[in-house]
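To keep things clear, I will list the structure first and then write my remarks on it.
First chain written, first letter: the chains are A, B, C and D, and each begins at residue 1.
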Amino acid sequence: MIQAAVVGAAGYIGGELIRLLVGHPQVEIVHAVSRTLRGRPVDSVHPNLRGRTRLTFSSADQLDRCDVLFLATPHRETMQRMPEFLTRAGVVIDLSGDFRLRDAHTYENYYGSPHEAPELLSTFTQGTPEFHRESLRTADRISVPGCMATAGILSLVPLAEAGLIRDDITVDARTGSSGSGAKAGSENLHAERSGALRVFAPTRHRHEAEMAQATGHTVRMTATGVEAVRGVQLLCRARLADGVDERAIRAAYRSRFADEPFVRIVAARRGMHRFPDAKILSGSNFCDVGFALDRGSSTVTVIAALDNLVKGGAGNAVQCMNVRFGEPEERGLEFTGLHPN
Amino acid sequence: MIQAAVVGAAGYIGGELIRLLVGHPQVEIVHAVSRTLRGRPVDSVHPNLRGRTRLTFSSADQLDRCDVLFLATPHRETMQRMPEFLTRAGVVIDLSGDFRLRDAHTYENYYGSPHEAPELLSTFTQGTPEFHRESLRTADRISVPGCMATAGILSLVPLAEAGLIRDDITVDARTGSSGSGAKAGSENLHAERSGALRVFAPTRHRHEAEMAQATGHTVRMTATGVEAVRGVQLLCRARLADGVDERAIRAAYRSRFADEPFVRIVAARRGMHRFPDAKILSGSNFCDVGFALDRGSSTVTVIAALDNLVKGGAGNAVQCMNVRFGEPEERGLEFTGLHPN
Amino acid sequence: MIQAAVVGAAGYIGGELIRLLVGHPQVEIVHAVSRTLRGRPVDSVHPNLRGRTRLTFSSADQLDRCDVLFLATPHRETMQRMPEFLTRAGVVIDLSGDFRLRDAHTYENYYGSPHEAPELLSTFTQGTPEFHRESLRTADRISVPGCMATAGILSLVPLAEAGLIRDDITVDARTGSSGSGAKAGSENLHAERSGALRVFAPTRHRHEAEMAQATGHTVRMTATGVEAVRGVQLLCRARLADGVDERAIRAAYRSRFADEPFVRIVAARRGMHRFPDAKILSGSNFCDVGFALDRGSSTVTVIAALDNLVKGGAGNAVQCMNVRFGEPEERGLEFTGLHPN
Amino acid sequence: MIQAAVVGAAGYIGGELIRLLVGHPQVEIVHAVSRTLRGRPVDSVHPNLRGRTRLTFSSADQLDRCDVLFLATPHRETMQRMPEFLTRAGVVIDLSGDFRLRDAHTYENYYGSPHEAPELLSTFTQGTPEFHRESLRTADRISVPGCMATAGILSLVPLAEAGLIRDDITVDARTGSSGSGAKAGSENLHAERSGALRVFAPTRHRHEAEMAQATGHTVRMTATGVEAVRGVQLLCRARLADGVDERAIRAAYRSRFADEPFVRIVAARRGMHRFPDAKILSGSNFCDVGFALDRGSSTVTVIAALDNLVKGGAGNAVQCMNVRFGEPEERGLEFTGLHPN
């Protein structure tokens, strides 16, 4: 059994980690750490887990050494406490933003303050099994990308690395409210957020930097909050290199994803389900990727969707854990999503 | 012109009062009071008013004497400040819960602490024009009922006063999130409240006491938060007195509401719109009332719906003001609601 | 391996059956029958199953004999074809309404036309494992209750059979749109149904008869469509027999459900998750049951919630199959539901 | 009084026209034409109008000559019947797609079949008062742009005509379900459409052609259905001409829209309402326009929002009527929108 602990267990990513780990036959959760809820049952905050776990929250100082430590902690605090975290577990899987960007200057540029542990940046492996599976098999420090970044990386890197994209990429990202976390703030009140189409980051969202890092292209992203609790959908546009046609794009995706258990190419000619839609992905670890090409056009529209708390966070982290510990990669991640939903 | 002021102008009821008063041709808003937002434009908090008002928030100590003062203030605080408020305006229209119940013991029973101005209770007139129009024409102190209470009073009193109801009444009340106000709290986070069917008051909701007071019957009410921002719908059940049939019920409603501009009887034989539904009432001052009777049954099901911020609050208050100041009763309340919506 | 077939596989209950059976390690789906979609891939209609099944729809005349046949067919058509269906499988599990009521007169009363196979009525076992587990172990004909009926049966029968309820029961049922099925009709258009609180059955809903049959009490139910795709929530009220208090009610539920894997008692003193809410049950096979009792009152409010397509339909059917074929009862039904969702 | 008739009165645009015209003090509706509902009360289909009109539907052959005829009829049918319609009224205001594009080849290209009345194309004036007010004062044939097109035209033309945009424009359009009309189809079922992020037109949506026509630029638009009944929001991106900065953009909008009653510039530094959001526009005739510019970037992001049935359809048509008949332009369009909503 893999002994696992979760720090930040009372939040939405933390709760999703616990849900997945409770259902994983080879994992035992030894600590669910919450700063404020020590001693309270985990299912009082995550009511879906009633009857599935008797775990109670513990405090960080109760953390014993374990096999794998998941960090669902805020950025900044994470890099400050990272040296301590690294002593507590053989493998640390970080879901905060602090170790996603390899370059400390870029970090400062996007996060607004200097990185406080720049010497650790290069020691983390990016937690995208589809592109870093071999490194992950032996990685002890894993940084899971942001939810929108994962959708962007999975859908854009295959085109970029095959040289199919000519220059800049624009991304229109839509996201549900759970991405804002479990903290109350007036902008996340139901009455304010319900039915909203809120452009909350017209430019310079942090996940933009991750996509630029992964693709090698300039990325301009706009982020809009839409009516959904879970779910991210990206609409990306890029000009294609000379001579690139639909066949070349489909081939690039196929060669990358043919054997991937959690990436599906969804690009049908017709039907209401012809392109990726987060609506049917809640709870699942899929990232659906599709594209459309106008006849005679040299611009591709790429569409990607995932559940921000699963493939965009906790599920991706568990997939990394499976790779790292030699478990079958789909274990604990079998849920297929619901339709209708 | 009627000079009006609103205290509690930054909240949802306060914002709705301003929306209605800005559109009222005979009203000038002289103060929009907010404890915390003094000096800020009103449309920074109520963005629907952009281009419609240049009003800024003021503080309570800037309140000059005016013709009518609307109180959208929290209960308890309202009764404490009421003596002062009464010196500021010829007419005070209170939308808090503090002066809705005539009996101080009932107040304590439902609000959990003693009433602090019991001597004022009997000086307030209930702000339900349909039943208290004559008193309202000269009333200087008006207490507007709660949102769910207004739906219950309008739909149940005609039956009760005609002696059609045998004994106790049960009420299943469903309400949107705006009823919880503009203050952030984790239970009103979009991610928690979206799609919820949350039984937040299985028994003893405060509006139950108002319905009991108005009908003279014991009322057992359960309140459930449903997926909506605006809107209240009530499903009431009561056993009928001997011999009461559909015709008698319809007659009771007709005799009460035939000339009412804001109560519609909605009880059709078929069709998807056969009963009252808050969905089409957003922004309107209507309370739709309907009922169904099973053949051979002696139990009536009464259904009522309204927009909690309009007929359930600010609109009802403006209607009371119109009655009091001799304005046509529908003035400023002409919006008819949207379909689809 | 259990060889299973689904008739009515293109509908929502049919799709949910396939989702659950695809994930069940001891089941092989041999036929997914759809009248109109023969030859088309199942995942073209149920896009959540992409990558999880290569099944295509077949027509009814292709049905070979199998171990278990699930019927997600319309009522009326089901009873007409039942003699034929019974020849195709050792075990038939019917999810239509045709064999839920034991009494042909009650059927005619609620369904509006005579039962066409009354001689078969008594040969079906009610598919509620919590109350009929022993019979189900050997039953070859199983009739799964309606979605709202299952919530009512599970939450009311423990009180009724313990003699705690005095007389009639009223039920306020709220349901999501998936309960109306996958057929297009103007009343189910998104623009019409979104945000609706539509009282579509003020009296005499068919599921009312099932609850009456199971509890032995008169049941008066009102059904309202609420904003949700999945989910049923019931609010039931009943007067209690003399001397019945909270302790007695809790004891009745505990003695019935202590060892049940899919019924949870949810009745906390406080918190936003204190009562059952369908919001967190999507995809799970749980039925959550709670109750509230006013101090000094002799009326109990019972609250129940489930996913209408799972515990209210396909999941319950799979649970029955597990019981019948000696499989562990939770197999294939492990999904725990999502929070937030 | 202006005598008005509406053809296609049972649809969503038709219903919105009736709502606005019923509330317009200078208009009398003489006919509400519906092919299938002749003789039925208008409020049976548009329940928000209960108590506000006693109008019944009539058939087209009952159409007497009137002052203004609004066409909310399907494209193709509209051009076929246009010669007849032109004989029935002094002024025809067409809300179909048939007379929006001036070039018959472009029409065929986007609508898939040849235009059947090309000789009439040049006789129509585009119904955008903000840009064609003078022509509209005397126009007898007016073609109201598409809902997304209006948002695009209002937000992009000021930049294009001032020469601020360098080359192609991309548009990500998000739209609510009412844009699909009142006809039932499985893709508009609530269970399918609720919570969807459905890319239904990755390229070549018809409104794209209208934007190209108005701006003189190539426009690449993608249309996504989002969770909303009403509402359109556009996110447009364009590279700026040399030296164009934020000040120049703001100046271009101000000079165009400073005196416009229904266009608001919404581009604040912070706050949850800093950019246009259709959420607060339901029922109002506003088009909110905003923009964001990354420091150092030469790409502008333009954001526009409106209610597709009002400023994107019926409201715009009524505004055109007001201009044409010399009425104050805001008459009948005073509703300010709701917050929260």
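Everything that follows uses one rule, which is that contacts are C-beta pairs under 8 Å (C-beta built on N, C-alpha and C of every residue); 3 or more make two chains touch, one makes a residue touch a chain.
Chains and their UniProt names: A, B, C, D = N-acetyl-gamma-glutamyl-phosphate reductase.
All figures in this text were calculated on a predicted structure; none of them were measured in a lab.
For the pairs B-D and B-C, the count of C-beta pairs in contact is higher at B-C. Using the average of C-alpha coordinates as each chain's centre, A ends up farthest from chain B. Between chain B and chain C the centroid-to-centroid distance comes to 38 Å (mean Cα coordinates, whole Å). The distance from the centre of chain B to the centre of chain D, each centre being the mean of the chain's C-alpha atoms, comes to 35 Å.
Of all residues in chain C, those touching 2 or more other chains are 12, 178, 182, 186, 191-192, 194-195, 227, 229, 340-341, listed in ascending order. Viewed as a contact network, the protein chains are fully connected, with every chain touching every other. Taken together, the chain D residues at the contact with chain C in this complex read 12, 176-178, 180, 182-186, 188-195, 227, 229.
Contact residues on chain B toward chain C in their complex (touch as defined above): 170, 172, 174, 186-187, 191-192, 194-200, 202-204, 220, 222, 224, 226-228, 231, 233, 235, 237, 272, 274-279, 292-294, 297, 299, 301, 303, 305, 340-341. Chain contact summary for the complex, chain A toward chain C: residues 12, 15, 19, 22-23, 44, 46-52, 178, 182, 229-230, 261, 264, 266, 271, 273, 280-284, 286, 288, 334-341.
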